[in-house]
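Consider the two complexes below, in which chain A is the common component and chain B and chain C are the respective partners.
So, the complex of A and B:
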């Protein structure tokens, strides 16, 4: 008997014309699934509490229940935003800058070196500009080295920047032991050079360091969107040959863009060491150089979305540490796994935004039924948004005419 | 169909509102105490604090708020302040580098007691900060006892002909190995007291020490153990917090003396014993005094007597008669008949620094003609400069919290111990 030729269970199709609401909805649903999986694991394994909804309560209280928590949340999200935005110009140029951590660390090192060697000899306000220039320069140099090698010798920038991370961490360790020769590899806050604050409350301490990266994000948005430099680097990213053909100097663009990227990471180091900690440590980067890559990619380099993603990532990390305390975990493995699951689902949702699964006809019928309300709701939201937009534009037009 | 979607929305809203409610409901009545740990439970060092803290809070019926993975930066200050915000009446931090940040929190939250392990400043730089405390224990006595266990094992190995030629140096001394974290008084005091414990049983021993430059580096600690074993060490101990060294010893079947707690479960064949500081007595004292509104010692050094210094269970392969011998030595330490750093039991070589002030050894030490210590200027106020003579009545007076401080200050390099490298 001849074998019946079966239709495959499903195949994957590229999505066309997907509504904006569906895109957002898919992401929100995947985040919710991630959180629910996390809650199930935490509640099942907790030695102290089995309150399922308490998980969400702890996540939220971890970032918001006191002014201190709220401001630390705002600050950490903003630092992550700063790193993500710093990486964007390089990534748009398809220069794989994996050296964010190292560039932040040398920024910290330069800041602390100024505070250590010149602190007390110059008044604090005179130190601040020196610290700023030193940290930005240090970050820029740390990015310039691989950029030069890439431009002139075609070295692999991923490996090069990665290696420089380790060198930066070792340099920090070296200087700490140079300054404090019989200690244990840690230092106390430096007495001079702390950046100015608006008082000793969480708001006073963290408002300025928080706001600065929003300003940077806006500036970089305009740089990429409207400046000639921004245009050039995106052409280099799309095709080096095209860039060369239309007269763009690829080497100059590569070097210039990496200096910018490194300088911004150095600025993060300046804020970390000058404003937040007044000291440095080998892991002061908190691995933001890598987390920032995820944030930059997930936001498709859109600064507004980047703010949301940076804060979502911070919500998960800070929230999970509160969950750990509230649910009596004294081992971070579970919270790391859960954070990983949540981020993984968020990243995986990108697949469903770009592709669609088409099931075998019989299954597709069932799937359609299940998905129908979801699709319908998204469609009606889309059309609602469209109507509002149309109404707004039609209202504007007569106003224009009057002005004429 | 529409109904289904409404259901989803409704469910989502319920989740959100319940979550918000739960957020308000997390604060419970009853007293709270907080612990700030540098790493989490997978570090033997932090696990030791966490275990003691949980037990103490349970015994005293207070709520334990434990935060893990807090680095030695401003994050430590924020964690301490956050615990105070949560209503904790006392906060304890477990790592040396937490000190400055805890002191800062103490100055802001006057009605909360802050204690800090291994710190040095409560009687010196922070002496006016009444709610800031340091604590440690005479762990050098525990190390010494663990050294006695190791000495007995060596004795048994030698009698059984298990000490090979490669385990001896040119002078016929048996080689020991030790993995340390940093070239720092706490570590130096630890390996010296362990070595003296071994030497009290087996006088013909020498020891190589290698440093990792980290409190927790599983790979470096494992590599360090392998280097020492390849160099002929017959027995290994360590002062670093991962399973790196014990696991390497188990793989090569070299007896190991552990720290911070038993590693018998993972290393059944080679584990001998482990000394540990039991922090529970201190935590209970801290909770009790704080709740009663009484003040407690600015600097506190737990002892064998207070139950703060302990040996964990003996491994299955310890020498016969170990328990009896340990009981005897322990009694002598308690009664003061025996001092770990008895100056007649070790010699010190003093090398004057060169013209540039470099390459000196044991500066600050005064020795007699036989090389026995008669005086030593130790750094007890935490500025890394020798300032106080701590040798009296024929012994080096380590961790004397009343007179000096609880954190160790023995940082001499005694004869018979060879440092393979130096890491700060």
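So, the complex of A and C:
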């Protein structure tokens, strides 16, 4: 007897195009779900407080209760933005640069080495350019090594860069104990070479290092979008054979792009050591090389989205440190648990952007009823945005004609 | 010198489990960069198992540690499998997210939920279990001199780990399941057309691979550290995890070779602690001593470069490694 054919519960089809509002809405929903799961996790396990809404209150107060906290939030967000933007050119080329941490650390190391060996012998303003050049060079070299091997021997770049992270951290430990042979392995701020500030307020201290990465982000956006280099590296990323066929030198592009990527990570190290801390430690990268990858990938290399996501991730990490104290946890790593959960949900949301679930006919009816208001709301927002755009453009055009 | 080989084997099995776990996952076409995080989660699970067993019985302690470590790690691997197999998300990004999560989770879980220090902490119980049960070895091995110490003096889980690698090698090489798995990793579309359930294979081997790697994390705490939970636990296990991922390339995706490869890595990893044995006359400054931990990482880089230069066509990564499979594509 033939087995009765049963239609599967659902199947998955590719989605052709999705409205902009729905895309944003899906991501916001996934972030909210992530925060709620995180809050439940924290509240359920907290030894002291079980206030669900207090979780969100603590997070907000973690970034905004004092001007200093607010500025630290702005600064860390912009550092993360700097790392993400540094990784973008490499990722567009499909070069998995997992070595952001190491490239930041060697930037710190080079900056501190200049401050340590030349500090006091040269006036501070003369130190600054040397520190800048040294850190950028160090980061670039740290990225150049794997790039060379990738270009000539196709060596696996992700593991190579990962190992360089550990090597950079060990080197930092080495130099700290070389400079302070009797010390405890940590370093106190160096007396010379601190980068200039605009006074002693939180604003004065943190404004310049914050703003610099916004400028870098804009510059890289234009580099990728409008320069020949930017075009070449995206062709290499899409198809190496095509690139070779149209006469792009893949090796040169790989090496050049990685130098840029590493140099920008080195710049982050320069700011961290030169402007913020005046010292270095093995944890100074705060794992930004990894979180930067998340930010760069989740934003689809769109700089505006990247700013939002970088600041959201920083909101989570800085907010969680307040949650830590308010909810009686003793472990700083709590923030990576919560950001990990949110990353999972954001990654999962990518599925709903590019695929659609088609349910079996009887279930589809029920599903339609549940999802209909949501889809309708998104669609109507989409059409609203469209009409506003049309109105704006039609208003502009007559004004142009009058001018002529 | 005997102690050196003894310790090298102790750490080598951790590399071995991580490497075999990652190899099985990669054979199904999934590059799991979450293995370091999974090993951390496995370590947390193993500690929970020991605490649950409450040192009543050595056999029970080891059994529960193994089960909890494997289940915890498999759940973490399940998150990865769901995101990459069913939702077809980018494998590298998902893996990194899992490593960030796993590292944080194990740290929070161990310090805030199980609690190691303080009056209600379990630190003493864990180290007692580690010394009494996990390091328990055959009584007559002490009588056999260096041979007994190196080959017979280990806790039972060391031999279990080697057995797992041997079984994995046999399954991959000689059974139909292994053949199907390799087909899924090389060309999922072909495997699908041949009637192999691609999704089931991917899920099972990601879960099995994660569970095996999780055992590695558990072995690190309970066996190598004798149950002493340090503050740097998650960071160290993560570092070992990355070396495991690199070891997969070094051992050419072969669990049998992994036994040899992990021993070499183990020896390199432990080498800095045995400087006075190898160089009894040399003296090193405090700073110079800090440079020796570079050895395993530099060696890994050399290995990566050398294997890529030799570049044998026979021994390459599975062809579909890192690519999501969607049946309706083309």
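Note that the second predicted complex is superposed on the first by the 395 of 404 C-alpha atoms of A that agree within 3 Å, B and C clash if a C-alpha of one lies under 4 Å from a C-alpha of the other, contacts with A are read in each partner's own complex, and residues count from 1 in each chain.
As a convention for this text, a contact is a pair of C-beta atoms (placed from the backbone, for glycine too) under 8 Å apart; a residue touches a chain by one contact, two chains touch by 3 or more.
Worth saying up front: this structure is predicted, and the values here are computed from it rather than measured.
*Asks:* With chain A superposed, do chain B and chain C clash or fit?
*Replies:* They clash: once the shared chain is superposed, the two partners overlap in space.
*Asks:* First (chain B), second (chain C), both or neither: which does A:177 touch?
*Replies:* So A:177 meets both chain B and chain C here.
*Asks:* Looking at the overlay, what does A:238 touch: chain B (first), chain C (second), both, or neither?
*Replies:* neither
*Asks:* Looking at the overlay, does A:331 come into contact with chain B only (first), chain C only (second), both, or neither?
*Replies:* both
*Asks:* Quick check on the superposed pair: does A:340 touch chain B, chain C, both, or neither? Answer first, second, both or neither.
*Replies:* A:340 sits against chain C, while chain B stays out of touch.
*Asks:* With both complexes overlaid on chain A, does A:7 touch chain B (first), chain C (second), both or neither?
*Replies:* neither
*Asks:* For A:69, using the defined touch cut-off, is the partner it touches chain B, chain C, both, or neither? Pick first, second, both or neither.
*Replies:* Only chain B is touched by A:69; chain C is not.
*Asks:* Answer with first, second, both or neither: which of chain B and chain C does A:379 touch in the superposed model?
*Replies:* Touch status of A:379: no partner.
*Asks:* Name the contact category of A:368: first (chain B only), second (chain C only), both, or neither.
*Replies:* neither
*Asks:* In the superposed model, only one of 219-227, 291-299 or 309-317 in chain C has C-alpha atoms clashing with chain B. Which one?
*Replies:* The superposed arrangement places chain C into chain B at 219-227.
*Asks:* Using the superposition described at the top, list the residues of chain A that contact chain B and also contact chain C.
*Replies:* 173, 177, 181, 330-331, 333
*Asks:* Using the touch definition from the top, list the residues of chain A that touch chain B in their complex.
*Replies:* Contact set of chain A toward chain B: 32, 51, 53-54, 56-61, 64-66, 68-69, 72, 173, 177, 180-189, 200, 276-279, 281, 283-284, 321, 324-326, 328, 330-333, 372-374, 376-377.
*Asks:* Would you pull the chain C residues touching chain A in the complex into a rising list?
*Replies:* Spelled out, the residues of chain C in touch with chain A are 33, 79, 83, 87-90, 92-94, 96-105, 107-108, 111-113, 234, 239, 242, 245-246, 249, 285-287, 290-291, 293-294, 297-298, 300-301, 304-305, 308-309, 311, 326, 328-329.
*Asks:* Would you pull the chain A residues touching chain C in the complex into a rising list?
*Replies:* Interface residues on chain A, with respect to chain C: 12-14, 45, 47, 96, 98, 149, 153-156, 158-160, 162-164, 166-167, 170-171, 173-175, 177-178, 181, 287, 290-291, 293-294, 297-298, 329-331, 333-337, 339-341, 343-344, 347-348, 350-351, 355.
*Asks:* If you look only at chain B, which of its residues touch chain A in the complex?
*Replies:* Listed in rising order, the residues are 1-2, 4-5, 8, 12, 15-16, 18-26, 37, 40-42, 47, 50, 54, 65-69, 71-74, 78, 81-82, 85, 96-97, 99-101, 104, 108, 181-186, 213-215, 384, 411, 424.
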